[in-house]
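Structure incoming, see below.
As written, the chains take the letters A, B, C, D and E, and residue 1 is the first residue of each chain.
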Amino acid sequence: MHDTPTLLQLRAVAKHFGGVAAVGGLSTTVRKGTVHGLIGPNGAGKTTVINLITGLFHPTDGEILFDGHNLEAKPPHEIAALGISRTYQNVRLFSGMSALEQVLTGCFLKRGSSLFASFAGLPAARRNWEEARAKSLLLLARVGMAGKADVLAETLSYGEQRRIEIARALGSDPKLLLLDEPTAGMNHAESQAIGQLVHELRDSGLTILMVEHNMGLVTEFCDSCTVMNFGKLLAEGTPRSCIDDPEVQAAYFGRKNDAKRIQPVG
Amino acid sequence: DPAPGQYNIGIISDDTGPLAAAGISYHRGADLAIEEINANGFAGEGVTLNLLVKDSATDAARAVQAMTQFAADRTVLATTCCIITPIAGALSPIAMNNNLPLVIYGATREGLPQEPYVTSVVALPGPQEVMMSERLASELKPKRVAYYTTGDNDIFLARAHAVKAVFEEAGAETVAEISTLANDTDFTGPATQGMGTNPDVIMVMTTQQPAVGIISALRQRGYEGLIGTSEVISPPAIYQKSGDLIEGIPFALSFQPGLSDSPEATTFIEAYQAKYNELPDVYSAQGYTAIHYIAQGMKAIDGEPTREKLAEEMWKITSIDHNLYGGQEIVNGQAQIPETLIVNWNSDGEVALWENQ
Amino acid sequence: MEAILDFWAAYSATIAFGLVNSFIALSCYAVLSAGVLSFTTVMFAAVGGFVAAQMIGMFALPPLVAFLFAGVAGGVAAAVIAVIFLRLETHWMALASLALVLITRVVVLNTPTLTGGVQGMLVPVRVSVLELFLALAVTAFVFYRMHNSWYGLVSRAVREDPSVASTMGISTYRVQFIAFLISGAVGGIGGAALATTLQFISADTYFLALAFTMIASTVLGGSFHWFGPIVGAFVFTALPTTMQAVLPEIQDVAKGVVLLVIMILLPRGLVDPRVLKLRLSRSPKTAEQPDA
Amino acid sequence: MLNVSNLSASYGAIRAVKGISLKVGQGSLCVVLGSNGAGKSTTLRSIAGLHRPVEGSITLQDREISRLKIHQVVRHGLALVPEGRMVVAPLTVEENLDLSGFAGRGSDRSDRERVYELFPRLKERRQQKAGLLSGGEQQMLAIGRALMTQPQVLVLDEPSMGLAPSIVDLVFDAIVALHKQGQSILLVEQNAAIALSVCDYGYVMRRGEIVVEGTAEMLRESPEVMKAYLS
Amino acid sequence: MQLFLEQLVNGIALGSLYGLFGIGFGLVFATLGILNTAHGAYASWAAIIGYFAVVWYDVSFPVAIAVGVIGGGVLAILVDQIGFQPLRNRKTGMLGALITSIAFLIILDSLAGMATNHQSWAFPSRTYPRGMLDLGFMRIPYMQLIIIGAMVFCAAGIYLLIQKTRIGAAMRAVGWNAEAASLGGVNARMVILLTAFLAGATSGLAGVLGGAATSNISYMLGEGLLLKGFAAVVVGGYDDVRGTVLAGILLGICEVFIAQYLSTTFRDGFTYILLLTFLVMRPRGIFGSGNFMRA
């Protein structure tokens, strides 16, 4: 596992909000073609890290390297164009758009024709548009929302909206997919399905950084994992080694950390 | 004489909107003129006129629509309208294209009348204030004069220029030229500024609302010298509102209840008071004149009146018979300045001839 | 036939203003649909109007040709404005654009050689309703194409949530810049259309009343689809005339009440694509719920 | 305590809840299970007054509450921890908690301290705008707010969502403790294992209907539930 | 020097009027999310009501103020309940309410036009304090002192109410999300009514005082205030009373001094160019309203 090349590297990244150091000098690496877990207590700075990687915030300090590029001061859309795509912890779909349109928007980077060509309706652009539609439908099917293409996304239930978000993030054929608690609000079976999807995606060459509180899922589906606490690195390694780390136990699992609770029940 | 019957005249009024106060006056003057004409057969034996009303709320687009509708209505023989120049400017091409006589009763601008369809019953601005200023300059011999004007209104800018030229000619120093805007409401700043220059005479050549505001502000700040202004403070409602603040301030005009004593004026004032329970003002006099101008043209027609014939006859008129000024000349469709009265409000709430105290 | 001709003669001006206001409303919609509430349309219209008036006055151009120049001039003005305005955030942008409307008026009043200053300007040519209609049809077609292209999709995304859109590779700046260019061009044409319909323009022609007409038409018609502003412009233009015919005494009050009632019944405007989508959502094919 | 009978709710033409009945007895802890889109949240929203039901009755201590406004429901003693948290973003943590003073159920500073005791993280963040909190912190705040109103029935929609394991433990410890003190609780939870280990009685929803109900043991042993939620 | 000082006070008084008017406008915008163009109509109506109270019932000036203020508040409540309430929870965003408010602007202004015969009126002399306070080196009209005082009083009161009390927290909460606030037990409807009343009342106060001071009580009175009040709110950073007031005063001073030392023709142009420059340099206003949403 450790011989695969690095795709994403954080070097002493810090982010301060006023007096609060949401991230305080975090260094870690994500290797190509792996599923990397990012875990830690609430407020540890996980979401902030994702925001920093996607350029919604800029680090107060340190640097982020992705696939040979320094992401410093790059605006979000340029970072996305480099091949980073994400979902949000609090689902953020475009209101007024159908499920299909959401995913289609996600395909923007891979539209294959210029804005003007598509406006002018040139034949090639038309073909591209149809391809993007077909791809979006496929992606919807992949997250289990095949029948809901025309449904106004905001009328879907929470769990369903999360799936649309994943499909939307996949639209741009990213190299790195950042998932912020993708299974929050899903039951065991549904989480497993998402886990399977994540594995399939990895096997097709995608790298995934996943924030998750469901430790069963992390142990089962992550290849490696970073644990944060108070914006700093607490532990790093395989999921198992992280979980067994006594410091992690204390910070993350609290007092009753019997391993059984972590295992999928049943 | 024209063929008997009822004929329609369109008025594009300003009954609502920012200039409604004056607009309603024009409209009422026109209404009274119609009544008088129909009662006395001024437009010809058996001829009655009927006023069709469309309110523009002083909005150019609405005025154009109203004018187009009148143009489309073949029963409309003539139209009258317009307080402000932009609307008059927008309506005259329609009048010309549709051969529809248009009498402008409020807006003034050089070159507005166009043969033969567009005519104006208001004189170009200036001469009256010039006459008044000449009198003020000779009687008061002011050393320092300050001027207020409305910077976004061409008519009042022109008036202020004319007035200033008179005083400068007479050797008065111009100590301040302060411009305000038509929509301003706060005049403490301009008043303070004007008084800071210590003028002995202040000439306020602005539109109505600012004029009243400036005069109030000057008086409240304790300015006691002479203020001169224009007919904008003549409507009785202005006196009702401002009372003693505008007493003794001279202004020039051609029609004023109490002073205008021609038979027409007396009848008009009585009828107006009976109908609306208040005194008419210059604006209603202009609305009145506009309709009489049309009626006079009608009367000159032989046979079935048409727009073309009416326009032709109106263009020929050199003097409007029924007017409230004791004489109203017209040259090429443009009214000339009628007799001028220099007056002020006195402490009895009446308008009296102005005298230097 | 007679009746139709009479109706046409009487209401052709109303229809003409409906067409003119459609341009103005579409210009407002162009930026609104990319998430920018801006009154700069008024300024673009002024630029277009005076450019067209000058061109017609100097070179006796036919109106439609003058419209082209007006559109280009509006677009250029928009490019300059966009560079400044896109630095601001939404609410502040709305104010800045209002400020620009006031500045425009001052500039118009004080450049008499270009605009006639306080005197205003006569426009010697009147555009025909047919010409206006043609110009609007072309413009509407452009909006139709845009709506159904990547630009349309992406601008809706930017309007709903610019930061999410940006993490999907969409440059908010670029989308909104394009929106401004379109708004400028269409606004310029609208200003020229207004000039050649009124035949007399001055500082007051392109002032706050136009901003009100523009925003009211757009929202009344529906600000989520390009067809909305056109419908809104016609309704808003015809409203005073209709009310005057029906209730002359209280025409303005009646106009306000009608506007109010429409907004309360259809708060998202007369044309609302969302309603259509909701209906689609309910079609039996898609209403199936996933099984556990 | 809380009695829902024949409740139906819909969004436009979509019927999301189809005539369900459920009961939360005095001092009991009931749980509702179901997959995504089953209608759980809609049910809870209807109970709390966030959504107008189409038909059915909801009584709280024999008082009909189905037509009441949200704040009236709260004042009658039913507090909801909603899906999606719904904290008041522009207010600080402390102000969010203090709002519940409007519930008029006698909450005061000491209640606030109790919430802070449960979630020390909130105390650290108490002057921060709620909208800037991390997801889990917001969830804590939503739970804290509900507790502040001192409800007779506490209704929680996936309270563990987005919480770290230690906090999930905390929350469930708190739920168990409240339950022991006699608090009536209605809980929607995706983690069926935990839910069934603490509740008295459970319902399983599918496509807007209740398909299985029974005591916790019954459900734990039901093959259907096992297959769907616990496998 | 005297001229300078007197003009300064003129500017402050004018700006206080903008600020006073802007407080309510900003309050409704920041808490209820409504850009209320009808806010000016409250000022016009309050002035008109106060005027009629004086003319018909011969009440004293303070009573006229009170009547106008209450009238403005009640009017605001009516407008809110008839026009804005039906739009709440219907996903219309800011625009729906904006147009509704334009509808009310049209209705209220034309009714006010009818009520005043489309004329401008003034409080009869001697029904309000018309004199000036003579300080020797300068003179200040009493009305200006009253306006400045009223503004300071209202600004301080409303600032404290919003920032330091639970009711203020509830107002901010309801404006952001009524459902979320209700979950804490807040009666959103009552809070909205209170907010609307406060906004209408302060606008009314600005209307009565401004109408008296400028001798201009008309159906167009509010329109003039609206644009300037809006500018004050935005420059101030729209959810901060202190910012609104400060920006309003700066605006007033700018206007007076530009008119005095440059020219009135350019007054609006210069004022707004200054404003634009300021916004470009400081895009979030004087106090820069803090962000409370995050990615």
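Please note the rule applied: contacts are C-beta pairs under 8 Å (C-beta built on N, C-alpha and C of every residue); 3 or more make two chains touch, one makes a residue touch a chain.
Because the structure is predicted, anything quoted here is derived from the model rather than measured.
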item	value
Graph distance between chain B and chain C, where chains that touch are linked	1
Farthest-lying chain, centroid of Cα atoms versus that of chain D	B
Mean-CA-position distance for chain E and chain A (Å)	48
Separation of mean Cα positions, chain E and chain B [Å, integer]	36
Rounded Å distance between chain B and chain D, as computed from the means of their C-alpha atoms	74
Shared-contact residues (touching 2 or more other chains) in chain B	16, 151-152
Chain A, residues touching no fewer than two other chains	47, 56, 88, 95, 155, 160, 187, 189
Residue numbers of chain D (touch at least two other chains)	14, 35-38, 132, 228-229
Of chain E, residues touching chain C in the complex	35, 82-83, 86-87, 90-92, 94-96, 98-100, 102-107, 109-111, 113, 227, 230-231, 234-235, 238, 265-266, 268-269, 272-273, 275-276, 279-280, 283-285, 295
Of all residues in chain C, those that touch chain B in their complex	6, 9-14, 17, 109, 117-120, 122, 126, 194, 197-205, 209, 237, 240-241, 244, 248, 251-252
Touching residues on chain E, where the partner in the complex is chain B	2-3, 6-7, 10-11, 13-14, 17, 110, 113, 117-122, 124-125, 130, 132, 139, 141, 144, 210, 213-216, 218, 220-221, 223-224, 255-256, 259-260, 263-265, 267-268
Contact footprint of chain C on chain B as seen in their complex	16, 53-55, 57, 59-62, 64-65, 67-69, 71-73, 85-87, 89-90, 93, 97, 109, 151-154, 157
Contact footprint of chain D on chain E as seen in their complex	166, 169-170, 172-173, 176-177, 179-189, 290-294
